[in-house]
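Two complexes, one shared chain (subunit A), two partners (subunit B, subunit C).
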Partner chain A sequence: MRRLGLSFLVVVFAAAAGAPFLAPHAPDVKFSELLYAPPTLPHVVDDAGAWHAPFIYPWRLADRLEQRFEQNRSTRMPLVWLRGGRIAQSSDEARAPFLLVGADGSGRDVFARLLFGARTSLGLALVAALGATLLGGLVGGAAGYIGGIVDEALMRATDFVLVLPAIYVVLALRAVLPLVLSSGIVFVMLAAIFAVVGAPFVARGVRAIVRSERQLEYAVAARSLGAGHARLLVRHLLPAASGYVVVQLTVLVPAFIVAEATLSYVGLGFQDPIASWGAMLQEASNTRALTDFRWLLSPAAAIFLVVLGLNLVLQQSGVNPVTISSDEPLGRLRSDSHSL
Partner chain B sequence: MALVEVSHLVKHFTRGGGLLRAGTTVNAVDDVSFTIDQGETFGLVGESGSGKTTTGRCMLRLIEPSSGQVRFRGEDVLAFSPRQMRDARREMQIVFQDPYSSLNPRMRARQIVEEPLIIHRLGARAQRRARVAELFRLVGLDPAHLERYPHEFSGGQRQRIGLARALALNPSFVILDEPVSALDVSVQAQVVNLLMDLQRQLKLTYLFIAHDLRLVEHICGRVAVMYLGRIVEMGPTAALFAAPQHPYTRALLSAIPVPDPDAPRQRIVLDPALVNREAALKEIAAGHFAAV
Partner chain C sequence: MLAFLLRRFAFAVVLVFTVSSAALILVRLAPGDYADTVAAPNASREVKDAMRARFGLNRSVAQQYGAWVADAVRLDFGRSMMYGSPVRGLVREGAINTAILAATALVAATLIGLPLGIISGSRRGLLADAIRTVSIVLLSLPPLLSSLVLLAVAAGTGWLPVGDMRSAGGAAWPLFDLLRHLIVPATALALPIAAMFERMQSQAMAEVVGQPYVLAALARGIPRARIVWRDALKPALRPAAAVYGLVVGALLSGSFAVEAVTSWPGLGVLMLDALRARDLYLVAGCAAAGSVFLAIGTIVSDVALVLIDPRAVEAG
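Here is the complex of A and B:
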């Protein structure tokens, strides 16, 4: 199962990395005649039953009101390979583009946007999730280790962040910034906001684990060997929280992908020409997407794939060898009953 | 000359209490004094909660004592700076009671035994590895198992790992905090024999904390009996076992199981009214003190 998850992730990350090569078009090229055009799937057999090199049938607008397309079965558009640094394109890109996953409401290639959107969405979610675990681990670790007033202050601060209505805070934050921001600044801003909002969840768990682990004899043993605070925390106590942190990562990454979608919707996330999965899903948030333009929901499938892959990989990554030991809970019980 | 000298050691814990209400104070260790000579095995016995583990941990400053003095080779351990304390830890080590929780479950046996060498920056990587293998053989473990995790060892083997870790720094004084009480009886004997062998081989001084009196009788030269945070009786093991003076010692000794089921048993039950909490230790015979 771990291999399967890993292969999902490899596929998605390779697709994101190779986006300029794999996508037939740039993500912001608009085909104004092909708004909501369905996918042009490659064929190898024509209606007469003859075999050809892979080709597509171009779309013809059948009904402008309903935005209904029909295949023009009389014309074959052969695919050309490795032209202009792209793996596959149709032979006449201007009139009959190769749209593997269809076009969106502006006539842009959904496949290209999916690939380039992966860079924005995954990049943001990963950076933000790492930031959140780092910040949360630091705060939780310090609170659990030092205890007393520091613990109290840090945990009340995280409680404060938890009770803040996140969306309004983001709105307020966005309001004080200039109307138009470069995508780079938006990325950093969103990552920082997500990290701060996500950190309390991590901090709470890490604090609890560090606090209970430091009472155990192996932590006392490390002190008796002369281990300093940093070593005790980094080498012994925080690794105890690693399993928890990994689980939090798998929860935070998809949450952040969705959060980016929400923020993009209210105009606080990435602005239109920039492709991101969240922004794409937001465009698909009407009933017609479910009935007539189902390919617009492809970012949801991509998110599903990433989350599933992450879970499969991390679940069995062996971060915590204790989980395979059946006698460990018994050991814990013993230590409880014998402690002074 | 005494290697370790503990005088008037006190540790009280405050329990409960909040912003407005003062908590109740528990005297875990209440004015404890004793000395341990070079090369001897000094026993510290008493029931659970009598303060013997706290005493041991206070001596290594794993718990900071409330007051009192701990002298090691004449130097006041409690006055040491953090750096001096770190150096002192090379000389004073501890083996814990619970072989399950005293080893970090996420570290391999090699890493566990190597850690003290890394902390004290002893030797390069290759030398440390060699030393770890040597320690493994010293405590009777197979160096082929160096890369295993603690849960892959039995209780006795784990305790040997804990021992190897404590011996890594070549200490002269080792506190054995109930080192075998969590083990099976058959394994207990093996570990106890190992401890005695190592003591001869490495010229170690032991503070042996236990509640198993037969074990104490077997390995300790002198013994102190703790009751409710105080030492109530102290003396050479043979004398103390032969002629216990304090009512608590008598009760404790009468509780030793006898291997003969037909032997007449006289269980003495301690009457707390008989114990004078304020009595000071008095020398009853040569080196034999009792608080009666």
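Here is the complex of A and C:
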């Protein structure tokens, strides 16, 4: 299970990293004759039953009103490999482009947008999760180390944020900023908002760990050897929380991917020319997309794959439950050292 | 017990007051106001100023906030700028719609998730593995995705209405019509939460079942089913009761996505529209209603916790 999860993640991250090579087109190239064109799947056998190198059938607009396409089965468009730094393209990109996952409402290649969108969505989630753990680690470390009224105040504040539904906090923080912003600023701003909202989850655990570690002999020893507060906290106590922080990272990344998708879906995240999974899903928000242009839902599949991958990895590294089964009436005690 | 309840109630009041105040002040301090969002782009300064004066946006933040608080304690939450009607009625309608959705989903998730968690936590084998696998898959389908998928199924098959809460033009049996519209959003919201309950209950059950007293009971020949469903059940329900308060937050978060996807006219979409239009009082009203839900959730979960484990009174 864990292997499976890891392989999902490797595939998606490799796809994001190799987007310019793997995508047949740039994410913003528009084929104005092919709005909502269905996927052009590669074939190797033609209608006569003869074998060929992989080829596609071009689409021909059958009904402009319904935006219905028909395959032109008479012309074969062979795929060409490794041309212009791209792994696969059709031999006539201008008239019959290779659209592995179809085209969107502006005639752009959904596959290319998925790959480039992965960079935006995953990049944002990773940056934000790192920010959240950094911020949460600092706040939690400070609260646990200093104790007293600082601890009390910081923990009350985190408690308060934790009670609130996270998406509303994100929504409120996002909505009070100017509604139309450039994509770079949106990225930084969303990362900052996610980090602030995610930090309390990390802070609580880090605080508990630092608090208990502070009492242990090694911490006392380091202190009596003359280590300053900052050194003791950063060099000795916070590393004890690293295992916990890694688990939190894998929890926060999927949460942030979904948060980006939700925000962009309602129009407060990335906006159209930018490819992100959420911005792409927004285009799937009409009934035609749900019935006739199903490939527009592909970002949902991509999100599912990443979240499932992370969940599978997480599930296996979690606490092994102690179980009894009917064939082992006495039960076998299994416990894991990692039981935070 | 009474002191405990009073303490929790005081926390609830503070929560509602702080959240709605914070929402109002945050939106008030945000760049741009209602006049900017609705006035024509080329509207003159005088037109916008007149509009601001009409909605009281020309006062200072402190003045406006003070006036709002003075009215709010008398349960008058002002008038919505974009709808032109009292916030109270708008928010009540949205809150009821969200409550219908969330309560249905919560009941369904509890009825599905907890028993399955008890089963998968107390035994090993194919069934437990199957339940766990399904749970992990469903956990990876957050409400945004589950509602899109279910909506696509509904649209593809034509079995169920696609979005909205009531059929346009009314239906012969309004309640039946509502239930038909409720199936997709409620299922979409319930599934991930059911999966969460299952995982949590499974772990709690597994922990309890590993206790020496369960072993002792088994050794005395008490049937396994009786131990699992009677003796081990109550202590195993503690974590579930503890997270029930937080589940309301997850429900509201999830319900926001579901409402947006299935156009269910709830609190979430109302708040979204209000935030975008910078409709101050409506935002504050929605925030107040949402935090009332949260407060109810935490109080119910605290009481449930005390009923299961009386020692919790001293801790809370």
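Methods note: the second predicted complex is superposed on the first by the 237 of 340 C-alpha atoms of A that agree within 3 Å, B and C clash if a C-alpha of one lies under 4 Å from a C-alpha of the other, contacts with A are read in each partner's own complex, and residues count from 1 in each chain.
The rule is simple: contacts are C-beta pairs under 8 Å (C-beta built on N, C-alpha and C of every residue); 3 or more make two chains touch, one makes a residue touch a chain.
For clarity, every value in this text was computed on a predicted model and none was experimentally measured.
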{"item": "Contacts of A:His236 with subunit B and subunit C, given as first, second, both or neither", "value": "first"}
{"item": "Subunit B versus subunit C as contact partner of A:Thr287, first or second or both or neither", "value": "second"}
{"item": "Partner chain(s) touched by A:Val247 [first = subunit B, second = subunit C, both, neither]", "value": "neither"}
{"item": "Partner chain(s) touched by A:Ala227 [first = subunit B, second = subunit C, both, neither]", "value": "first"}
{"item": "Partner, of subunit C and subunit B, that touches more residues belonging to subunit A", "value": "C"}
{"item": "Contacts of A:Leu216 with subunit B and subunit C, given as first, second, both or neither", "value": "first"}
{"item": "Which of subunit B and subunit C A:Val307 touches, first, second, both or neither", "value": "second"}
{"item": "Partner chain(s) touched by A:Leu164 [first = subunit B, second = subunit C, both, neither]", "value": "second"}
{"item": "Residues of subunit A contacting subunit B in one complex and subunit C in the other", "value": "321-322, 324-325, 327-328, 330-331"}
{"item": "Residues of subunit C touching subunit A in the complex", "value": "15, 18-19, 23, 26-27, 29-32, 121-125, 128, 136-137, 139-142, 144-145, 148-149, 151-152, 155-156, 162-163, 202-203, 206-207, 209-210, 214-215, 218, 224, 245-246, 249-250, 252-253, 256-257, 260-261, 271-272, 275-276, 283, 287, 290-291, 294, 298"}
{"item": "Contacting residues of subunit A [partner subunit B, same complex]", "value": "216-218, 220-228, 231, 235-236, 239-240, 242, 320-322, 324-325, 327-328, 330-332, 334-335, 338, 340"}
{"item": "Complex contact set, residues of subunit A against subunit C", "value": "160, 162-168, 171-173, 175-179, 254, 258, 261-262, 265-266, 268, 281, 284-285, 287, 290-291, 294, 297, 300, 303-304, 307-308, 311-312, 315, 319, 321-331, 333"}
{"item": "Contacting residues of subunit B [partner subunit A, same complex]", "value": "28, 48-49, 53-54, 57, 60, 62, 85-86, 89-90, 93-94, 96-98, 100-106, 115-116, 119-120, 149, 151-152, 162, 165, 169, 178, 181-182"}
